[in-house]
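Okay, here's the structure, questions in a sec.
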Amino acid sequence: MKLFSTALASLSLMATSVVQADRASSLPRVSPALERYAQDTVLGELWKRPGLSPRDRGIVTVAALVARNQTTEMAMYFQRALDNGVTPAELSEIITHLAFYAGWGNAMGAVAVAADVYAARKIGADQLPPARPELLPLDEAAEAQRAARVEQDAGPVSAGVVQYTGDLLFKDLWLRPALAPRDRSLVTVTALIAAGQVAQIPYHLNRAMDSGLTRAEVSETLTQLAFHVGWPNVFTAIPVVKAVLEKRPA
Amino acid sequence: MKLFSTALASLSLMATSVVQADRASSLPRVSPALERYAQDTVLGELWKRPGLSPRDRGIVTVAALVARNQTTEMAMYFQRALDNGVTPAELSEIITHLAFYAGWGNAMGAVAVAADVYAARKIGADQLPPARPELLPLDEAAEAQRAARVEQDAGPVSAGVVQYTGDLLFKDLWLRPALAPRDRSLVTVTALIAAGQVAQIPYHLNRAMDSGLTRAEVSETLTQLAFHVGWPNVFTAIPVVKAVLEKRPA
Amino acid sequence: MKLFSTALASLSLMATSVVQADRASSLPRVSPALERYAQDTVLGELWKRPGLSPRDRGIVTVAALVARNQTTEMAMYFQRALDNGVTPAELSEIITHLAFYAGWGNAMGAVAVAADVYAARKIGADQLPPARPELLPLDEAAEAQRAARVEQDAGPVSAGVVQYTGDLLFKDLWLRPALAPRDRSLVTVTALIAAGQVAQIPYHLNRAMDSGLTRAEVSETLTQLAFHVGWPNVFTAIPVVKAVLEKRPA
C-alpha cells in the first residue's frame, strides 16, 4: 500500500508536470496575445513592481487561486511562492486559514495539489506546523470587543456560528504562530476581494493595517489581484478600500 | 459499446476511490491542523449537533458543493448524504433543482460524480424520479401573486426570463414530488448563501419557513454552511436572515 | 518532444471525448428530468428563440462558462459556438478578453480545452489573431473621460490598477480588432452577470448598446444566461439592467 501510494504520488506529479507543459505549449495554439501578456506582464513585470515584495505577491496570488478554487494554476504558483520566500509551513497555514475563509472544499482541492508539490520538493512533516502548536497570546480586550459585536449581529440568528467563530477561528486559527497575523490578514482580505465579498473588507483591512500592512502594499495587492481575480472584483472592492484608507490616520 | 461503457464506469469509480484515498492520505502531508479540524469538527461533532438532522445536514452540504461546483468533495458527501437518509431520488432531484438555481454546468458536474456513486451502490433507473411525474397541486393564488411580481420586475426587461420562470420553474420544477417543498426551499436558500446572493434570500427563506423549516434549523443550516461555503458568505447572509426572522411571528 | 506533444494532444482529446460520451450517457442514470430539460429546452428550443442569433448565444454561453470556470461543459459549447458562426479567432479573443474580466486562471483553464478543440478541427496558428495586431482607432474623447473617472475613483487607492486599466485594457485589449467592440461588450456584460457583479453593469451595458446591442438582444441574453449562470444571478442583474434601459432613449 505504501509502495502503491508512492507510485501514485509520482504518477500524479508526472501528470501535473505533463499538464503544465501541455498548458504552456497550448497557449500559443489558442491565443498568442495571452502568451505575450503572460510573458511581458503577468509572469514578468508585475512581480518586479515596487510596493509589494515578490514573497507577498506569492501569498496574494496563492490565496486568490485557493479562494477561487483554480486548481489548474495552483501547482505553478505554489512553486513560485516557495521560490520567492514563502515557507512550506506558511503555505500550509494559508491553505488551512482559507478552509474557513473560502470554504472547506477549496482547501481540500489545494491540499491535493500541495501534497504533490511538497513530495516533489521532499518537504516532509517536520517542515509543517503541528496540529496543536503553542498559540500566540490572545489580545483579551480586542477579542471581547469582537465577540460582543458578533454576538449582537449573529447571536439572535445562529448560536452555532457565534460559537465556532470564537472558539475555532479567533481563539485558535488566528493564534496559530506559523503565519504572522499581518500575513493572515492579507490572506483574508484577498479571499474577500476574490469572492466579491465587500461587507467584511473594512474590519479585515483595518486589522491587516493595524498588523503592519502599508498603504503601498494595499495598492499593489489590488494591482496583483486585478490579474488573478479579474478587474470586476477589484473595481467592486476599490470604493470600500478607499473608505477604509480615508478614515485611517495618514 | 455497452461493455466499454461498463469498463469505463468501473475505471472511473476506481479513479474516484484512488483520488479520495490519495486526498485523505495527503491531508497530513500538507496540514496536520486541517486533519485535526476535519476529524474533530467538520466530519465529527458538527454532524451531531442538535437543531438540524444528519439527513438535512447532508442536503445542505451536498447543495453547497453543487452550488459551488466543488467536484472534489462531491463523491464523499453524496455518499454521506445517502448514508444519512437522503434517498437517491432526492439526491437526483437536488441536482436537478440546482441546474436552475446554481447554473446548468454545476448540475452537469454533479451528474458525472453522482453517476459513479449510483453505479457503485447499484442504484438503478427504478429508484430515480421520472422525467414527467404527476406534479404536486399548484397553489393558484400564491402563484398568481408570484407571477405578477416577477412580471412587474422582469417583464419590461426580459419576457423570456418571465416565461421560463413560470412555465419551467414554478409550474414544473417546484411541483415535482420527489423532493418535498420544504427540502426544495432549503436547497434554494443554501444555493443563494453559497453564491453570496442575498437579494433573493427573503423570498426563499420565508417560503422555506412557510413550508416547515424551523428557526433552529435555520440556525444550524448557517452553522453547517459556515464550514462548507466559508465564513464570509455566511456573515454576508446573516443580517438578511435576521431581518426575515424578525418580521415573522415568533 | 514534438511527437510526444502530438501524442499527448490526441490522448487528451480522446479523454475529452470519452468524458463527454460518459457524461451524456450518465444523465439518464442520475436525472431523467435533466435529460428532458436538456433535450427540450437548454440544447433545443432556447437556441431557436428569436431576438438573439445562435452565433450570439454561442458567445454568451461560452463567455458564461469561462467566467464561471466550468471546464466540464466547455468543449461541447466551444464546438457549438464554432458550428454557429463564431470564428476561431473570435473564440480566441473571447478567452483573451476574459483573462482580464474573469481572472487569469479562468482563461488558462479555457485555453487548455480550446487547444484540444482547435487541434481536433485542425485550426492552426494562421487562424488566430496575432499577438500584436494593428489596433482599432482610439476614441480619444471617450477614453479621456473614462480615464478621468477611473483616476478619480481608483487613483487614490491603487496607481497600478489605474495604469494597467488604461495601458493594458482600454488602449490595447479593447482595441484588438479580432472581436468587434459590440461582441467584446457582450462578453464583458456576460462576465459581470455570471459573477453576480452588478456595480459595473451600467457602464458596460451602455457601452454595449452604444456599440449596437439591441433591447431584444439584451432580453434574450438574460434568457440564455438564466440557464447557464443560474436564475439567482440573472434576477440580481435585472433591476440594474432595467434602470439602464429606462434611462436610454427608446
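Note that the chains are named A, B and C in the order they appear, and that numbering of residues resets to 1 at the start of each chain.
The rule is short, and it goes like this: a residue touches a chain if its C-beta (ideal position, glycine included) is under 8 Å from a C-beta of that chain, and two chains touch if they have at least 3 such contacts.
From a predicted model like this one, the values you see are computed outputs, not experimental measurements.
Put simply, chain B has to spin 120° for its C-alpha atoms to lie on chain C, with the angle rounded to a multiple of 5.
Taking shared numbers over all numbers used, the chain A to chain C interface scores under half, which places it in the different class. A separation of 27 Å divides the Cα centre of chain A from that of chain C. Within chain B, residues 69, 196 each touch two or more of the remaining chains. Here chain B touches chain A in the complex through residues 18-19, 22-23, 25-37, 41-42, 49, 51, 64-65, 68-70, 72-73, 196, 218-220, 222-223, 226-236, 238-239, 241-242, 245, going by the rule given at the top. Here chain B touches chain C in the complex through residues 5, 8-9, 12, 69, 92-93, 95-96, 99-109, 111-112, 114-115, 118-119, 125, 128-132, 153-154, 156-161, 164-165, 168-169, 176, 191-192, 195-197, 199-200, going by the rule given at the top.
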